[in-house]
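Written below as structure tokens is the structure these notes are about.
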């Protein structure tokens, strides 16, 4: 009886049989060791060979434990767990090999502050890192992404407001076209601006042309995330404002937009993260430049991704080091932007 | 009969009257021929089981009904001797004269308590010189002044549910409406807050005509002068079975269904 | 009851909504904003079509079915060309499709595993962090994947390709005409697979999260294990949603430019149908970047034709994908 009145709450369903825990531990530690031994003894090649044998051993042990182990499971259930674990492992490993060279090669450049602030006007092929820099590309990216933001954020929010506020007959069409636009390949956006504005002589290769190409790619991202955010604003607030004699315009301006502010900033940041790394459209519109150009309306302009592209084609060790450093700067910026946007959005969704 | 040649002389003692209100959502009719009068400075309670159309009806009184896609309407709502659905009437003007408080308290989350109360002035683009006075006056009328006077600048989200609802009442009083519609204002609140709001309603009656939808028969009995009993039977559109003085509806109803309902035999 | 029968004769009246001037302007601006996407899409189609017209007129259907890309002297025979150019896009079109299919084939199982992990296997906090990580991968610029493909993946991938060729060479897909495994459709597909996995995973995750909880508790009440629950409840429910997600990934893979540019050897004169391990491939987007710099006007026009084809293919793929995803979303509501 005293048990029933016990005042220390427990979660009996969470207790794990120690024997089962040993089994799990054994599998997770034992299989890589076995795989390692196997890879060393037999003529299996390198890390790939290790991974393949590891997976094989894991499947084997899962099968054996499912049959003979404590807490028996069906074979399919055991294989599913191995499958899910393997996909995580493969994906994370691949991504780690994507990020690692950027970090390790990029950090080499970090001691050369001149890289951040100087341009490449007097830098010949394969000159040491102490000379010149990629400041012109950083400035170019800021200018072009900035202009693209000024263009596509207002239009994107208007499109989102059409869907959430007007709710007219065109709503499904508007959503469909925004979605379709998000699938436009970046090179096609570049071709479009090239043909519509550069071939026709309205603009020359310039930062502004680049910014227009970027805003085509940015618009759907902003419109879609802004729409999601505006949907989170309860209809109660709109009705309350209308019942107080608000017109639709004042309802949106004074109630809906202020309530959605942080979310809309998120959508702008996600848009920036989407286009900051775009290379292909810029090659056709802003073209690239070795020197600093702060005028978006005349002369070509460089940007981080197109700088990386041209440095890579040069191919010398120091050219490559510059490319890696530029990539490092780009990737760090995007990671910070993206992560902060996600955290803000998540906080907003929870409220 | 079009709205232009409609001649209907409203009784000047009534703040508002409805004439043959019929309401549809798409092709489905939900209200049929509702004729009600709301005498000036009285409280009218609309009662009836869920789905009888009383909330729909109250929304036709300040043109909030038409915001629902597919909503249709026939009939007339007379306010100041004018049909509020007449072609030349701006719905925004109607909503300024006929305020509304909703089931769920809905203060604006991005505004402070003070800004919330005065939001109507900005939304309606009204310029006033004595904003401070109006703020205090409305909050006093809603019975909230003493509780919030020291924190007018804090966010409205910090208030309790009952306080938020009184804030919403204060908010709609700022525009000095002739009529205040309340759609089950206490259904999301605890008994203590409900009592406070009922007291507020009794005080407001001095200056405003109130129409209140309620599920709570005791509440109707406590706060209202008149009561209208709505019913929708066997999938037919809702209609008014009986209306009159609250005392009569509860103590000597003419219709058997009213008697059954007010005594809790169904609904 | 007479009230009701009488009411049936009554017709709804027209509700006149007077809008104030500010609202008329406001709604007008919103409609303009809403139509921006449509206007831009039509603009893209129009300008690409006009710019591609000279080549399309000269080569007709041959432009899409022919297998040769030769700039010549940049003049048409009618203009007195001595070294006439020929533009045939078929190897590029098929190549784009082939690498996109390879990418999707690799990415879909991976994305399903990742989405299952985030929804059913990982503890809540870890699942959130993992989700942010996977979404972040979707934001990594394609130039980074290009660098990765060129400097990291190619060495390892060539070994895997060689192994596949020696051990499984009897399968037609793994045969090669000459040894050179480095810049093959397989390699490009592998790079694209990592790039589109987050997209497919995100769609799948949303679909998994929208499986009605009563179905899951129902299955659990019947004593289903995680596998039987996923096999019999989750996957059947999510099938079309995952298909839609895969098509979104396909659209993205078809249009990717820079990442493919570094890991694919373009081969213009013949369609490489299935030898995915061989360093001969095609990609419309990569073609545009690689030829754009040095092209004369006529070849530029041909590149616009290539862009137009790419635009239309991705548009259709994306439209179908959107239709599938949104119809499953609607069904669940």
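Points to keep in mind about this one:
Should a chain be cited, it is by its letter among A, B and C, assigned in written order, with residues numbered from 1 in that chain.
Here, contacts are C-beta pairs under 8 Å (C-beta built on N, C-alpha and C of every residue); 3 or more make two chains touch, one makes a residue touch a chain.
On a predicted model such as this, the values are computed, not experimentally measured, just so you know.
The chain pair A-C and the chain pair A-B differ in C-beta contact count, and the higher one is A-C. The greatest centre-to-centre distance from chain B, using averaged C-alpha positions, is reached by C. Located most centrally within the structure is A, per distance between chain CA means and the overall CA mean. Here the spacing of chain B and chain C, counted between their Cα centres, is 53 Å. In this assembly, the C-alpha centroid of chain A lies 17 Å from the C-alpha centroid of chain C. Centroid to centroid, with C-alpha atoms defining each point, chain A and chain B lie 50 Å apart.
Annotation for chain B: residues 92 touch two or more other chains.
Those residues of chain C in touch with two or more other chains are numbered 20. In chain A, the residues touching two or more other chains are 247, 250. Per the touch definition, chain C reaches chain B in the complex via residues 3-4, 6-8, 10-13, 15-18, 20. Every residue of chain B that touches chain A in the complex is listed here, in rising order: 62, 64, 67, 69, 92-93, 95-96, 99-100, 102, 104, 106, 108-111, 119-120, 122-125, 168, 171-172, 175. Against chain C, in their complex, chain B makes its touches with residues 2-3, 20, 22, 24, 29, 32-33, 66, 72-75, 85-92, 236-237, 239. Of all residues in chain C, those touching chain A in their complex are 19-20, 22-23, 25-27, 29-38, 40-41, 43-44, 47-48, 50-51, 109-110, 112-114, 116-117, 121, 128, 130, 132-137, 139-148, 150-153, 156, 159-160, 194, 197, 225-228, 230-231, 248, 251-252, 254-258, 262, 285, 288-289, 292, 303-304, 307, 310-311, 314-315, 317-319, 321-322.
Residues 167, 234, 236-237, 239-247, 250-251, 254-255, 258-259, 261 of chain A are the ones touching chain B in the complex.
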